Structure formats: structure tokens, C-alpha cells
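In order of appearance the chains are A, B, C, D and E, and numbering begins at 1 in each one.
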């Protein structure tokens, strides 16, 4: 079976700094693949390259077998690649519902329609409201996104990504900044997606990672130093030294 | 019984200096006439055209429709003149221009209700061109880069018989001419001919002097006049200009005009003021001739055409295209004993020339 | 009391967020501010720093009434801020970020901060906007320390940090505390907080609904359940 | 009082404008209708600018060029004996559209102040081009040979007819643009204003939407240009200079950008107060400038914002 | 021909330096404080008028200059306190509009005070005349003085912004005022000083130019547009960019005007060449700007955001 996403020899440097060093991995259909690593290891940079906001220096990216290395961000999104941003990126002047409705609109029909008011398209609104609810944002539909609290904005990011109904979802620290209840809910949400779509998950919350991931890759200084099942990674001495430490958190 | 006169001048922005001269010249004459024109009480409406043609058209139409003016004195710049003359004359209003005499209104486009009290735009240049022909064999020409600039240099070349060393056009908003002056120095011509009106002239003349080029004779039109001289001062002394009038023109009427103007406004009048002043007396004479009856437009037109008034310029008559037949002089800047500066007549160059476009005008 | 809030009511535009907060913090004391998303923790911090003007209530720092004072006056009274969302200066290099607002006298200088975060030393010539999320977080903490505050306010300062770094920061905060620095901290890691602070304060819909020691919190699962959903 | 919505303000405004010619006539100042017509023409231009400025965050500092393109289309065709709007308007729209597509494709690579300046550059190029073409009067401009006609009818003949033609067009364009800004297209446009990266990440290529809006806006401004040429019966490069573009931005922002109604208010306030002040003093720029400064400092969201704020109290 | 080339090169540099003097203030206020100030050109004009007025009173240009510069500073400080301060948390467009209103007021204000006619000032005796620079090539002393002053200001500014803590604070404040303030800096006072400095630079440039070009209303408008072109080509907020771009614009404009027609004449008919030259000359710097922005959308030296 062709993997949902495969990455071959992806390399990227900023001046002398090698942030992606021949990264190769496969994301199997329906799996959650976590990428962990110290701060500045190149995780977000990798997501940027996968989603198309940054061009790699070398290497190839295949989405469902199709080479998308040269495609624009928008074209990749239309082919079913969605992402969330580590640093919240929403439309601050739109309501929460409109934020999500735009994502629905992007995948349903042409947007070169000039006369019919978008706010009255029931299909858009219903799908958007469902995505908001799934992300735990019931009741915020009419609020201006810029005035949501930090945690609420993080949830909105997820809702937007979900509304795109992607085949592959790239999540960059989705739990950062969310409270306990919200992160528990999100955890459940992501777990529920397992099998239906394929997810690349970046997260520093180890509890979540070990609970969710089917496989984990460890990125250090742009290189994948280990890939394997969660138990194996947790036990890996090199990983403990570079990243995990001996911390036991509640 | 009254006569309504609209005065359309550029009165805001830096181009307002000319407009203020025109307005003041007209108002001075009106004051001398006791506020009456041809015996009628004169109601005067002064409007600012802002040097924007579309604004000018609006203000002009307002003069017609709201104020019901009979006559308009204006404008000061050719582009405004072109914009307002059509709408005004179509409404039956007489237009007396105190400065612009665009070729489009002198030739095939001449207009029965339009009278240029000044000159055809090209004439001052033709005068200087003719004069320079036997003074300098190679002349360097410079003008701002717009239609009027091109027209003025064309006027000069029409009568100049020598060789043109170079023809240079500079942007209208330029203030520093070091590059052009370097080119003049490099070309080493026998003379320079410049059409650099208003503020352009102030900077150009002063920098010309600063660059040490005064050994090359400087001829011009609208570049050194009573509007620019207060800023140019000594730097312009000895520079030449050409025109139909100068403050020292030797007629009784002119002496009285200059004295009255200086007494009232404490500055030397320029030709713009002189023409507007003449326009008032022209109008006064014409209205008197028709006995104050403004309803008979044809009679009034004939009376204006007759130009039976005492001009500051001495002998004055209109040609068939309603442009003046008058003498033209070359003038030179001099410092007066009272420390002010003015242009003074050097030589009468052309006697009552007919402008180059008059022949195309269908009016007889 | 080094910092005292009395009856603070504040909000954005028409909507009220804080509905009367009373909070005191002694010199050298460490307090955790807890509460779910959107309950007003950050708003409290913004009000303390004068970034948001309360509609009523009083703010005292070291005995001085600083209600309505501009932020820089409050900061100079000895408060250091690690804001939510990092807010480092993107157009400055890492080192400039640290130096620009530095103030003495005090224990913190460049060398100390670099010793705490070696990663920053490696990237000191780089622009702030080029840093990774976690690096920016380190920079924000370092920047606040460089003002040598008497009270350090951290709003989700460990968000996005790798576990190893995170535990280093908790250790470091513990040491700072021991040296007498007062700390007001917002974080979701209750375990680490409990080891650090004397007192926990829970905010719910803009009001203080519970406070107590770490032991109290540990002993009252209902509080954790009801207000924090742990 | 209920808060005033933008729509209600516009409806009220139209109702207020409708009887104005009769009012002016009764006051014995029928000419004011002509002045008001000019203000309405600029309201159309401001409306067009609001589409890209208010909804797309594209601050064009060269928008006067489109006004000029429309005016010259009417002027040049009329000079060649083609007075029918059925010809003039398509030519004006096509010329403006082509100019917008070409310059827009280049300008849209930039953002923010750079966009302001690159559109200024293209506007100035158009201005200098028309200034130097002596065939069309160069700097002096050209007189409109004849008022435009529409299939033989004369919509611009007579003050009243001109006024109501312009008012109707303004109302129609306002309605049309209101629909456009609320449509799917309008949402995408506003979304790219808010956060371009986010829009790309959900699958939109902002460029095509921006360029479409830019061209549409230029074409509507050209329409205003056709009207302006007929109103002044004169066409001049001075319609296209940067100062004009700046005034158009001022109208939009003064009125309240991104609201469609605001720019209409702004244009009326701008032109009418200029006209009014100029009647009192040639130094009208001084009080006018002061009024602009105070209006912006003490209102948020422009004049429309101020009106709405009042309605809420 | 070589002589002319050198001479025009110098003229271009001098023009560029002048543009830089004005642009530096604009890019400071814009890049550092994130305020678009359309009244900046009017501050240049105010400097020129002040110098002209005081030179007229005292009879000496140097005294006039000495009076004009501190007054231009004071003028900037007052403007900041009264108006600009209220614009910091407003959108760029609100700033554009308010400063556009200020520009109208200032232009009309000087006309009210000094009339519409240009006012000129005598060149100081010591700096008039020219000195030999290359063979028999001479160059006016005063223009060399402008060159030197501009270079001095450029160096001082670069140092102040990139090498002092105040510079860092300014750049920090530009991106996040609230944060700078919350970390203990009185950002308002800092911005007051910057705006004053910008106004002073513009006023200084105006005062320096007044012996060469006379003071007249609206003289700031052209300069304003040109300086905007300069800072945008250079990359907003970058002193280095403003410097390079100013010289580039100065050289392209001056050399293009002189040698463009010569070049064109070798390519086409003289008549067509002169027509094309006349059409292209005023567009030159706009074409330059459009070309640069088309290739580098954020200018030559974009400041990282």
C-alpha cells in the first residue's frame, strides 16, 4: 500500500545551520506519527516544508504517491494536506464560525461567485459549526476570533484543520496552551481521528505523545536519530539523554 | 442696473503669486473707476481655480448659473483657460484673458466671445528669438517638460535663425538644476534661452549665477519678471526677457498705473497685473459704448473688439481673432534706486506683429 | 505585601472579564494562578502591568499606589514579565533582545542567562524572528530575568518547551525562589507548580474561587476536578 | 435608539439626496446640484477604491489613473465622433481592465507600504504619459467634443438628468458591491486581508482573488472617469496625479473603510466641505486640514463609525 | 565627455545625499516608530522657511541655519506631543490621513505667514565659489559642504541605531510597544525624541538647501514623494538601505536625464528620440522603483520582521 505521505532525503539549511538533514520517513495510511525532539531541532521547519510554506534545498515529498515537492501551499491544501500552526494563525477579524466556514468553502465548489451571500449558505455554516463543536468550541460561533483567549484560539486552529476534511493532517503542538480539560478533549478528538486520516504530530507533551502515537521519530539537529514504536523510544538511552530527561510529570 | 463680473484666478498653492497679481491689477482699476463699469454698479465675484481644470470648470459654471455673470476675467494658466473658455462662452459670457493666449484659441478654434488682453502665447518668445538671431550663433534652450514649455521653445525657434546647441526639458517639479547647468557649461553656447516660469525661474536663475555661468548671456520669457525678481534680486540683473510691457514703459497711463499699484500693494506690478488692469478699462469702455445695455451681446462684442480705451501699453487694437496687435520689446533686469528690481525696456523689436495662428481663424 | 490587588474589575470593550479580584503577594513569595482557558489569568497579568486599565480597583506595588500608572513605572517598581505567546522582538538579534531592556543592579547578566540557556548563546547573533518556538520562549524568560526583577511573572512560560528544558526551568525557578525572588506563575503543569509555590489561587470567570497551599490542593481532589478538570 | 447599520445609513443618505435638486432650487441655489453631482462622481470612485482598500487591504496610491483612463476614453472617442456610451463604456472598462491586470500582476507581489508605492509609481507613469502626448492636448488637456449619449438618449444633458443618472448609478454600484463583498468571493478577499498565510494553508491562492478585485475596482473607477469627463466637459492629466489618488484614499478612510457606505459619506464630506470652505477664504486648506486631523483623531472607524456610535447611545 | 560624466556623477551624489538627509528622518519615524508621516516634507519646508527668515533677520545664513535647526527640533517635539502621539496605536491609514491634514495646514500656514512668492537667501560668502577637484574640473564648495554634512549624518545615524542601546529599544518598540513598556522603558519619551530628531533632520536638510533653492510653499511635496521612493527602494526602516537607495535615485535621475537623450539619439530618429526622452525622463525614478520592487518586493535591504 502506498503510504499517505512519504518524505525522501529532505534537506534544508539556513546559512550554515542545517535544519533538515536528509530526513526520510513514511506516514502510513491512518497512522499517527509523532515527531519529537529538542527545541530548535527542526520540527516546525519540517512541517513548513511539508505544507509548502518553505522550499526544501533537496529531497522529495510524496502525497499518496504524487510528487508535491514543487506545488504551492494552496495546491497542497486542495489535495488534502492540512496543517495547524505552532504560532496561532487565524483570521482575527472574522467570527469563529466564519473562520471555519472559509475552510469548508475552500473544498466545496468555486469561490469565484460574486453575488450570492456566503453567510446564507447553509451547507457552509452547518459543516463549520460541526467542526467547531468537534474541537470543543461550542458557543463561540459568533465571537470575533481575535478576542478569543489563547487556549480557545488553539482550539480554533484544530477546528479549521478538521473542516478541511484532509487526508493528511500536520499538527504542530496542538496541545500547547490548552488547559487540562481542553487538552483531554483534544486528545480524545485526535485519537478518534486515528484510522480515518493520517497525522503527523509534533508535541512536547509526552503523555499525549505516548498515548496517541503509533510510531515516533526523534529529530535532533535536523537528523532523525531514532524511529520506532513508543515503548522502544521511551527506553532509548540516546533519546532520554537528548530530549526526555528523567522528568516524571503529573 | 449692475454688471456682474467673475474673476477666475489661481489663488491657492504656490502658483498663487500670478493669480494675486491679476486679481490685484483688476481690483485696482475697479477702485479707480469708483466701483462702476461703464456707469453700472459692478458686482465682482473672485474665485480660486486651484489650478485644477475640473475644479475651475465647476467654479466657472457656478459663476454663470448662480451668479449670472456677464463677463469673466481669467484665467492665469493655459490649461485652466482651455477648460473654462468653452463652457463660459457657450453660456454667452465674455471672457477676457489677462495672461494665457493659447494657440488653440487663436487659430481655427478662435472664439467670438473670447478676448486675449495679453498676447498670443508664442509672441514673447518670437520677439526674443528675433532679437537673439543677430546676437548669438549658438543658443542652448531649456524649458520645463510640459506642453507650454514645448510651445514656448517652438515660438522661439520660429524666429531664431541661428543654431540650436541643445534643447533641454526638465521636470516641472525640479528644484535643483546642477545637472542642466553642467550640461550648459559643457556645451559652451553663445547664449542661453530659457522659459522657466515662476519658482522654477527663481531657482534656475540663482543657480545659474552660482555656477558662474553669467558670462553666457541669459535670454528668457516669464523667467525673470516682477513676480520672481523679489526672490532673484541681484542674481537676475542683466538678464533679458521679452514681452509687450515693462514697468518703465513710457506712457502716461502706465506711469500712473505703476505708481498706484506700488502705493497700494507695496510691490512692483508684473505684466499679469497690467493686463488685468487693462481688461478692466477695456470692459469699462465697451460698456460705456453700448450705453450700459448688456443684453445686446453683438453690440457689446463689437464694442470690445473696438478696444476704444487708453491702454497702459499705448496703442492697442484687436486683430480679427481677438488677439492684440501691439508692440513687443526686449527687456532687461535692473536694480532701481529704491533697491527694488524690475525689467526695463532695451529695444522695441517687433511693431504690431500678427500672431502665427490668426490666419486660420474664420472670424473676420 | 509586595504586590496587592484590591477589587480589580477589568475587561475588553463592553465585556467584563475580571469581576473583582483580590490578590496579595508577599516579598519572596511564590504563587500559582490556576484556571481553565479563558477564565482571566492573562487578563489579570495584563492588569497588574498596567497594559489594561481596570475599571475599578486598586493596584499597589511595594506600598505604592500604582493604579493607572503606565507599564514602565510598574515594571521599574521591580516586576519582570514573561508574557503569554512570547512576544520577543523579531527585529532584534537574540543578544539585543536580552540587552535592550536590561536593568541593574542584580544577579542577572548575559553570561548567567547564556549559562541557563546554552542554546541561546549558540544563536545569539540570529534575528529573533528566526528562532524556533521553544527558543523564543527561552529568550522571553532570559529577557525578563535581565531586568533583575523582585517579582517575576510567568504566563505559560513552559509552553512549547522540550521536557528536558522544561525541567531545567523548574529547577531554575526553584533556585531563584530560594534566593528570595517572588514569583507569580501561570502554568498547566500542576505537579511542577506544587513543588515550586507556597500558594495556589484559582480563578473562575474572573473571580478568585479557591486558594490554598500545595498540600491543600493535593488534599482536595474536588477543587482540581471542578475548577481545573485534572 | 437602535444602532445604525451601514445599510440604514446608506438608505437614509439616498433618501436625503433624492429631493436635493428641488431643495436647492427652492433655496434659489440650483447650481449646488452641479456641485453635488461632482461629489457623487467622486463617491463612485471612492466606492471602487474601498473594494480593494477596505476589503482587500490593497492601498492603491495610483487609483486616480483609472479615473483618468475613463475620462480619456470618453474624451478621445468623443473627439473622433463616437459619443455613444455603448462604445465609450466598454472601451473605458477594457482599457482600465488591461491596465489593472498588467500593473496589478506586478504590484501584487508586494505588500503594505511597498504596494502603496508601486501603485503610486504606475499611476505616475500613466500621468506623465498623458502629460506628454500632445495629440491629446498634453498637459493642457482636451475639451470634451460632445457630451456622451446612450443609444441616442442624452443622460448627461441637463443638470437634473445628470444628477439623477449619477445617483442611480451610485446606488446600483453600492448594491452590487455590497453583494460582492458578502459573496464567497468577498469572503476570500477579506480573508486574505486578515491573514494570507492562513488562507493559503486552507487552499486558496490569494493572488487570483486579489487581482480580480483590483481589476474590478479599476474598472468601476474608470466608469467614474467617464462621468467626470462629462461633468467637467474637459479631460486633463491632472485627474491622474498622485494628489488625486491621495484625496481618494482620504475620502475612503475619512468615511470609514471596508463599509461601502463610509466612502460615499467620506467623498460627499470631502468635496462639499472643500467647496464650502473655498467660498470663504483662499486659505481654505488650513481649516480643511484641521478638520481632517480632528475628524480622524476623534472618531474611530471614520464618519460612519461616528454616526453608528451616536445611534447606539 | 569624461569631465561631464564625473561632474554629473558628483551632482547625482549630491542630490542623493540631500534625499538621504530627508529620507533618514522619514525612515526613522516610519521604520522605528511605524508611523507614516506625510507631513515630513512639510517639515523640510519649515526648515527652509525658518532658515530663510532668520537669515533675513540676522543678515547671515550661518546664523539662520543655527536658529533654524533647534527650532525645527522644537517644532517636531510640539507636533509629536499634540498630534503624532495619538497615532501610535492607529492604523497606517489613519496616520496617512492625519498627517495629510497636517501637510495641508503647514503648507497653507507658511503661505499665510510668508506669502506665496519664493523667498531666497544669499549664499554664505565663505562657501560660495568653486574649487578644483580633478584636472581643470571645478565643483561648487557649497555642494561639497552638503555632501560632507550628509555623509556625517549617515554615519552618526547608523551608529546610533545599530550600535547603541537606545537604537535597540527603538527597534524593539517599533515591533511591540506594549512589551517594551512592560519591561520598564518609557517608550513615549523615546518616541518623542525620535520624532524630534526626524523633524530636525528634515529641517536641517531644508535649511541647508535654502541658499540653492528658494523657500516656497509646497516645496516639500515633491521631496516627500521622492523620499518615499527612496525609503521604499531601500527597504523600510533601514538606514543603510535609505543611504544606498538615495544615492541610486540621485545618480539614476541625474545621469539618466543627461545621458538618456544622448543614448536614445544613437538608437532612433532625433525627433522620436526627443519625444521619447521627454516622455521617459520624468518617469525614470518611478520605473526604477517599479522594477526594483517587482524583483525584490520588500526593497533592497528588507528589515526582518
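The working rule: a residue touches a chain if its C-beta (ideal position, glycine included) is under 8 Å from a C-beta of that chain, and two chains touch if they have at least 3 such contacts.
Keep in mind that what you see is a predicted model, and the values were worked out from it rather than measured.
Taking the definition of touch as given, a chain qualifies here only if it contacts chain A and chain C alike; none does.
Path length between chain A and chain B in the touching-chain graph (shortest route): 2. Distance between Cα centroids is largest for the pairing of chain D with C. Annotation: 44 Å between the Cα-based centres of chain A and chain D. Averaged C-alpha coordinates put the centre of chain B at 36 Å from the centre of chain D. Once the centre of each chain is set as its mean CA position, chain D and chain E turn out to be 31 Å apart. For the pair chain A and chain E, the distance between mean C-alpha positions equals 48 Å. Along chain A, no residue makes contact with two or more other chains. Touching two or more other chains at once are residues 130 of chain C. In chain D, 131-132, 283, 285 are the positions where the chain touches two or more neighbouring chains simultaneously.
Here the touching chains pair up as A-C, A-D, B-D, B-E, C-E, D-E. For chain A in complex with chain D, the touching residues are 51-53, 72-75, 77-78, 82-83, 85, 89-94, 98, 101-103, 105-107, 110-119, 121, 160, 164.
If you check the complex, the residues on chain C that touch chain A are 12, 35-38, 42, 84-85, 119, 123, 130-135, 137-138, 156, 159-167, 188-192, 194, 228-230. On the chain B side of its complex with chain E, the touching residues are 12-17, 20, 145, 150, 167, 169-176, 178-180, 182-183, 186, 199, 202-203, 206-207, 210-212, 227-228, 230-233. Those residues of chain C lying in contact with chain E across their complex are 49-51, 70-72, 74-76, 80-81, 83, 87, 89-92, 96-97, 99-101, 103, 127, 129-130, 143-144, 147.
Chain contact summary for the complex, chain A toward chain C: residues 14, 36-45, 86-88, 147-152, 173, 176-184, 204, 206, 242-245, 247, 249-250.
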